[in-house]
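Paired with subunit B in one complex and with subunit C in the other, subunit A is shared by the two complexes that follow.
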Partner chain A sequence: MMRVALPLLWLLVLVLWLLELAAGPAMVDVLSALADWIGDNDSVARIILQEVRIPRALLALLTGASLGISGAALQGLMRNPLASPDLLGISQTAALLAVSVLYFGWSAQAWWLLPLAALLGAALAVLLLLQLTRKLPGTHALILAGLALTALTSSLTTFALSFAPNPYALQEAYFWLLGSVANRNLTDVWIALPFMLVGTMLLLGCGRALDALSLGEDTAASLGFPLAHYRWRLIIGVACNVGAAVAVSGCIGFVGLIVPHLLRSLCGAQPSRLLWWSMPGGAALVLLADVLVQQIPTGQELQLGVLTALLGGPFFLLLLLKQWSER
Partner chain B sequence: MKSLPFLLLALVLVPFAQAQSRPPQRIVSMNVCTDQLLLLLVERSRLASLSRFAADAAWSSMPAEAIGITPNRGQADEIVALQPDLVLTSAFSGTFAARVLERLHLRVERLGFAATREEVFGQIAQVADWTGEEASARQLIATTRARIEASVQQLRPQLAGKSAVFLSSNGIAFGSSTLQDDFLHSVGLRNIAAEAGISGPAPLSLELLLQAAPDFIISEPRGTLDAQMAHPYLQHAALMHLNPRRLSLPDRWFDCAGPWLADAYSSVVSQLSVTP
Partner chain C sequence: MSTLLHASHLLWRTPESLRVDDMSLDIAAGEVIGIIGPNGAGKSSLLKLLAGLQQPERGSVVLADKPLAQHTPLARGRLLGYLEQRPVLHWPFSVQQVVRLGRLPHGDGDTASGIAAVAAALAQCDVQHYATRSFLQLSEGEKMRVNLARLLAGEPQVLLVDEPTASLDPARQHEVMALLRQQARIGRAVVVTLHDLTTAARYCDRLLLLQHGRVLAAGRNVDVLTPALLAQAFQIVAHFDTTTSTVIISDPPPV
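Then we have the complex of A and B:
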């Protein structure tokens, strides 16, 4: 069962990715658009497929996979099932630094400044949280510190955007705080991809260390895992993934929290396996949410974070109830 | 006991509220649209205060004229202290402050939203009626109407049957029931935002924009900072394929009623006279 489940999960991602190509407000025949592309005909359908839908679907997949694996890594690193990029304010700190770079006009200097700023924000947040948990032990302290960080950075982001030079600037706060992959460019994919690849490589290499860490820090050290080394590796890996995801699609909530929870029992609660599984899991969730976002006939398209929370919130509550009743 | 300060305040203010036989002499405006109509129609000496946006070129079409007039932030307390005999505001902004002022028996008048040329003229006439400046308003309306009509005559033959869209930051387009829609129809252009089912200002998806392939995209260029901050929608690679003619008109000419609506028409005339 477990051997086929991971390829099946990737198959689900592929199906949802293709579904995402067919979803969208414009009525476009994807097959004829593809034929135009292959035949190099400059049709509107081809432009919509090539320049709008494919970048969007790629970003949804990449962002979901990054947030999924980051959530799994954070839960292993902090040995806390409630750790996740958005619940602890890591995404929001990344968004604050990204908005600052945009606001001061620095992002025009070099393409990598925006993701780098978001990455630095994410890394700073993780470092701060780790430092705080050392001073304040216990599950609750971490969550409370994360809440404070979320509130602080979200309000600073809104504050910065309220100075922006256009009357619809608060819409941008929606984007940064709730996330969206609508109307993005292929450039955004190229900005995020290198950071996500590096981050994912770093995290996947920590699997066995996370397995050992689940037995306790002392046990992990006695098993020969240099914890300081792996801690840095995990922090940088999470920062690369979350930073890149936030820089191009804002703070998409709940993915990093619920995906590892959903999959934990399926993969035998083994952190190393959970890393691999949370990638397609996150991608599938974000793709599904983005397909749904485009089907709901609202006056303005909903932000992705609204949908992931709508899908994730009730499900997570049910999961919590089930886990507590089993204890 | 709690209402005692309010009672005292009301007693002080009642004489001002009653002096309605002659036109208001201490007028306060809390909204940038009423600010500008007052500056156009009423003597400066009668303006006790204008909103803080009145002197801001980003929002107002006549910032220089507002310099030297006390600015307000639209808070009830500061406006009460100015002892106005008429307070003008928009039906959509500062509603809480306006209600407080009414409870204190101040005369508050609210300006609505103008979605057609006739409603623009109606708003000018309305402010003139509140301030006793009907004669100068009649002249202003007549000249504005004539300027618009002259431009329309020039534009219609060139533009009839073509399509256009007004885009603001974040991909906001202006659909039906907007002044922009009325503007496009008056020169014979089709509004693709209205055809896509948008009413009022709302985001238009890039896909629908590409599919509609408008001949003209009209937007206000706010510089590179805004281009990056407000989703780089107008720089999207897909728009290169579309290659529509770009026209540039400031949003503020449509946000508030005033003679600058005629400037929008004549600006299109002069932009079209230059071959791209």
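Then we have the complex of A and C:
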């Protein structure tokens, strides 16, 4: 059953990806657009597919997979089901550094500065949280530390935005922060992909160490997996994934929280297995949410990050209540 | 008997206290060594140094004729099993999943050899009949047996076990200690910290009595559990009855 379930989840991702290609305000026959592309025939449908739909669908898939595996890795590292990149302020710290790069206009000088800044921000946040949780163990300390980091970085980001040179730039940055994969192009995909691949490889290589960490740091070390050997690999892996995701699609919240939690009931709680499952899980959730934002009849298209927050907020509260009742 | 673990002149200081001061110890295959002493004497600290979880400020630990630091972490994990005083489990694993974690140093949890080792460990600790149950829902005694099964699944040559009988009823204490003795019979070396002096006297070949981070006495139970040493270490009036292998406390500690 387990062996079939993971390929089935990837099949669901493929179906949602194709659905994402068909979604959008303009009616496009995806098959004929693909035929035009293969036959090198110029057509409006082909241009829409090539320039708009495929980059958007690819970014939704990559962002979802990255946030999913990052959430699973963070939960394994901190041994806490409430750990996720956005709840702990990791995405927001990445966004702060990315906004700084945008604000000073450095992104025009080198394409890699924006993802690098986001990546450094994410790494800094994970490092800080790890140090804090060593001094102040427990779920509540972790959430409070994340809350403080989110508040600090969000206010600094707002501070930076308040000095935006014009209202248009402010609106651009604001919408980018809300999280979206709309109006992106293939360059964004190529910017994010290398970081996401490196990050994913690093995280997948830590599966056994995360399994050992389930028994605590001392026992994990006695089994041959001292956290000191894996801490940096995990931090860089999460930073690459979250940094790259934030750099190209802003802060899409709650994916890293919801996905591992939902999948635990399907594949079990083993962190190494959850890493593999959370990639398609995250991709499926973000693709589904992005298809939905295009179908919901609002005047202006709803931002993807807003929808995931609308779904994730109550989910987070339910999780908290469940943890509280189990105490 | 061949020496599997050799520790000499270990020193571990923290800013607050002297945790381990000039401790030496040889552990041979087939023997059970009991480490006893009052709270804060350095029993768990010594075990952490032996397990390589803490680097000594001075002194060395040699495992299987090679300094501990020269073993790779995984090689060390295969040779040396450590069960901490209060084992934790952060995720709702089944009993079988917990025991399989013992194979992590070997990396063969899904292969025939790994599956066979896990099955053997489950059977040895008599926990195979609840292998699919959630670990977190077990009683303290059942949890300890599962943790021991996890330890045995790794087939280590040296077992370092920190207070396995704490919070267990007498019958469960006997089961755990009998299991550790059986491990010694098949050629493994066992180091176990204990609070109960009678349990230590009955199941251990040699005892190490600690006080204030130092070795107060070491040797056979009759040499270590003397009224003078017991009074010095625990501030109790007690003697060791060799006919029943029982430590009898005749006077409570001073208030």
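We take it that the second predicted complex is superposed on the first by the 302 of 327 C-alpha atoms of A that agree within 3 Å, B and C clash if a C-alpha of one lies under 4 Å from a C-alpha of the other, contacts with A are read in each partner's own complex, and residues count from 1 in each chain.
Basically, contacts are C-beta pairs under 8 Å (C-beta built on N, C-alpha and C of every residue); 3 or more make two chains touch, one makes a residue touch a chain.
Because the structure is predicted, anything quoted here is derived from the model rather than measured.
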Is A:162 contacted by the first partner subunit B, the second partner subunit C, both or neither?
-> neither
If you count the residues of subunit A that each partner touches, which comes out higher, subunit B or subunit C?
-> B
Now for A:265: first (subunit B), second (subunit C), both, or neither, which partner does it touch?
-> neither
Contacts of A:224 with subunit B and subunit C, given as first, second, both or neither = second
After superposition on the shared chain, which partner residues are touched by A:183: those of subunit B (first), subunit C (second), both, or neither?
-> first
Would you mind listing the overlap between the subunit B footprint and the subunit C footprint on subunit A?
-> none
Contacts from subunit A onto subunit C in the complex sit at residues 79-80, 208, 211-216, 218-219, 221-226, 229, 268-271
Using the touch definition up top, name the residues of subunit B that touch subunit A in the complex.
-> 58, 168-172, 202-203, 205-208, 210-211, 213, 222-226, 228-233, 236-238, 241-242, 251, 255
Contact footprint of subunit B on subunit A as seen in their complex | 24-26, 28, 42, 44, 47-48, 51-53, 102-103, 105, 107-108, 161, 164-169, 171-172, 175, 182-183, 185-187, 299-301
Residues of subunit C defined as touching subunit A within the complex = 48, 51-53, 72-78, 80-84, 87-93, 97-98, 101-102, 104-105, 107, 150, 154
